[in-house]
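One chain, chain A, appears in both complexes that follow, with chain B as partner in the first and chain C in the second.
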Partner chain A sequence: MAIEMVDSLNEGSYPRLLVFCAGSLLFGADADQIDSLDPFDPDDPPRHAVPFHQAIGLGCSPPFRFPEVCTISRGKDVCRLIIEAPEDIICADTRLLQPLPPLVAPFALRRGIWAALPGKRGILLALDPRRLATERNLWHTQGDIA
Partner chain B sequence: MESERETPKSERILSEIRLFREREKVRDVDEPMEKMVIFRVAGELYAFPGRNVMEILPAMEISPIPGTPPCIPGLITVRGEIESVLDLRSILGLPGLSEGEGQILLARGGSIRSGVLIDSVEDVADVPLSAIFPPPSTLGGGAGEFVAGRIDMGCGNVLLLDTDRIFVLAAAP
Partner chain C sequence: MKIRTKFTLLNIVLVTSAVAITTIVSLAHIHGDAVERARAVQESHLRTFWTLLKGKGGTFSVRDGKLFAGDYLINGNYELPDKVKELFGGTATIFMGEKRVSTNMITPEGVRAVGTVLEGPPRDALFREGKPYRGDAVIFGIPYFTAYDPIRNEAGEVIGALYVGVKKREYYEGYERLKKGGIVVALLVGGLFGLVSILLVGKLLSPLKEMVQRLHGISDNETGVTDLGVRLNDDSGDEIGMVAGEFNALLEKMRQITNGVAHATREINSFAGTISSAVHHQASFTSQLSSSVSEISSTMEEFTSTASEIARHSQGVVDIADTTLRDTRDGAAQVETLTEKMGEICDDNEAGICEILELGKKSKEITKIMGIINTIANQTKLIAFNAALEAASAGDAGRRFGVVAQEIRRLADSVFESTDEIEGRIAEILDAVNRLVVASEKSSKGIRDGLEYSTQTSGLLRDLVSGAESTTSAARQISLSTQQQQTASSQVLVALRDIEEGVHFSSGSIQETSEISRNLTAMAVQLSRMMKKFTGPEEGMATHSGHEADQTAGVV
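So, the complex of A and B:
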């Protein structure tokens, strides 16, 4: 992952982003919102787990290489997203994180995308997973999932 | 009969013609002009006022954003700054896909700044205001509401687009 995104001197005050790919796009999900990351077992798929492509509206999900289940929660509600195995966790430099342009922001926020970070590999989209789950109605109560 | 010292009538007329033409030249120079960026989309010529165009960018990779409508293909990075991109072909309801790689005009309308995907820039020209006319009354379809006027370029017409209206309508979710 691009080193210029990391500021190790002041990590505590910078958002930690879990970086993963979805197709050609690079996402950085707020790591503090993620309860757990577990390997995805296709023989015993967790209930209500949704491929990230589908959750965010990228269309059909391409085959995962190393799928993992990302679990987030809000009180008794849980959302499970199947993502490609994360590449890294970075501390995003807030001086480099950019608000989305006004033409894009209202649409992107409905998918939980709240900022962008230009880097060597392209534009990383900062993701608020709880907002994504709320906007896309992906929450399930704990009892449903267990 | 004209005396030998008197200026021939033909010479007087020629002088008047020269004077008239000189005045015309002066008037041409003084005529208010507006810079226009003239470009092509789907084979047709369009223009943005030059004051609304900040930069002409070469083709570059556009990073798509989930959830945006087809008229907003995504984001680009311009010297480290994130900019949105509008697809003018989609906004104007023109058929077909963008030809070749296309170019991007970094433009502003109202308080909004964005890239605008076009096919190619044809010219950047000073156009006399007298050559700008109201939009053709026959203009309909999706493009009609975005046309601010018609520019008579001598060799043909160019539709002048209203950048403010394009950006405001594109921003409406």
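So, the complex of A and C:
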């Protein structure tokens, strides 16, 4: 599944976004903030791993099909979000990025969502994972996690 | 004619007849003696005549047309006839052939009867038969005792005849006198005896006369009443007295019988009334019976017609029942076959379901495999993502590596797409398998239900066959019973017609009985009226019975 709006790999100045789904919404997380993607083992779930839709406050969400653990780090702090398996990594054209309306921007920023990118599949919400972890207080030290 | 007269006449007739018979017998005897004496005298005269003639010549011949005795010429020679007359009286004649040639007979003209011809039976006896003749003959109107002998020549040929005769009157004179005297005596004796008879019979029948007078007293011609109390005088002790006694006894018996008849007449009147009443009731009952029998006959005719219809329909029912039984048996056999086929189908379906379930298992296993492949592809993609993240972190040095990672990620996506497509197809297969399983389960359930229904239907059909057999048997029994009923109703109808005919006959008999009863009553009335004509010690009985008879006749 390709994100046709950009071809980020050939444009090094454009931000690269890791595209994944959460419910019916399409999110694009800043790939530069993601340390790694790991498979999620339900029998041995990682400590302090939070489902993404809970973290962003979407409420109930259908069960994951192919859950993966996205790891974000800030110094020694680590945040682990359980997301649906990402679909692609795209390079977003900044000219196409649309700022959020002022009315909803404060609320969206508190969930790490900072812009919107219209596309054929709908609107892709640009996500700042570290801000989300910060706003939602999802940071844990690595020792606690290990 | 009175008995006295009859007895008198009878006595006169008897005495007269006895005298007459005695006289007639005596006269006949005398007459016979006279005839015998005349015959004997004639024979004597004829022998003498022959002696005299043969004394003239021993042979007889006819020469030159004349008769000779030897040489003694007889023609015109009256010596011998006159000699005979001189000796004995009477007549004598010599015939040459059939012609008198010598005779002492004198014709009414007073001349000798020479040349006359012999005729009648003497001629036939003499000249045709050659036999002598004895008998009566009328010569010149005078009856004679006659005797003829043939004269033969030497050749034995009859050439003439010799005759002597005596007048009957000469021999019958004494007989006639005696006859007249006898008649007179008979009349005298008869008259005398008649007188005596009148006196004796009158004396003897005087009790009978008295009896007749008494009997006249019994029956009164004016009133027509017969007094049975009258008794005759039976003191004479003779047969008339005995007859009177018997008659008195007969009168007593008649009186008793009359009383019995009067009583019987009353009984007959009573019975006739009873019979008439019974006949009337019987006629009414017979009329009702005839009407009822006619209605029953009509009903039975309809019943017979209905029975015929039922018999025909019941035969149709029997045919239908036979057809139903046959079809039911065929149906039962077909259902048995169907049950077997359904069992086979059920088994096949169960096997198919097992195969489908096995196919579903295989598909699920494929799905698992596809899950493994997806997991591998996901891990590959995850590695590719991580490689791409690492390559991005590496800057330009990792650009080529990032391209490779991107290609690997795309390859993983292709695998995903393929596995998705395969999973979709497998899901479709599983859906189809599930639907097929469901449908097969449903079909299997339907088949099992069908098998169960077929089994139940087979059982029901077996019961139906048994029921159809019972129905067929019952229908045949019904048909047979209906036919018997039809026959019975026909016989009943025939019997009813006989009864109807008998009722008609009985009605006719009742009419006849009624007529006879009326006639009996009329006869009883008539008998009562007749009994009124008999009186006696219980004379009131007859009168009373006649009165009752009149009353009863009025009832009838």
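In this text, the second predicted complex is superposed on the first by the 137 of 146 C-alpha atoms of A that agree within 3 Å, B and C clash if a C-alpha of one lies under 4 Å from a C-alpha of the other, contacts with A are read in each partner's own complex, and residues count from 1 in each chain.
Operating definition for what follows: a residue touches a chain if its C-beta (ideal position, glycine included) is under 8 Å from a C-beta of that chain, and two chains touch if they have at least 3 such contacts.
These numbers were taken from a predicted model, which means no experiment stands behind them.
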Three-chain arrangement built on chain A, chain B and chain C clash or fit: fit
Touching partner for A:Glu68 - first (chain B), second (chain C), both, neither: second
Which superposed partner A:Ile89 touches (first chain B, second chain C, both, neither): second
First, second, both or neither for A:Val104, with chain B first and chain C second: first
First, second, both or neither for A:Asp38, with chain B first and chain C second: second
Touched partner set for A:Leu25, first chain B, second chain C, both or neither: first
Which of chain B and chain C A:Leu125 touches, first, second, both or neither: first
Which superposed partner A:Ala116 touches (first chain B, second chain C, both, neither): first
Minimal inter-chain CA distance - chain C and chain B, angstrom: 26
Residues of chain A contacting chain B in one complex and chain C in the other: none
Touch list for chain B against partner chain A, complex: 61, 63-69, 72, 74-75, 77, 80-84, 86, 111-114, 167, 170-171, 173
Contact footprint of chain B on chain A as seen in their complex: 24-25, 56-58, 98, 100-104, 106-108, 110-111, 113, 116, 118, 122-123, 125
Touch list for chain C against partner chain A, complex: 374, 378-379, 381-382, 385-386, 388-389, 392-393, 399, 402-403, 406, 409, 413
Residue ranges of chain A touching chain C (in the complex, touch as defined): 1, 9, 16, 18, 31-32, 34-39, 66, 68, 85-86, 88-89
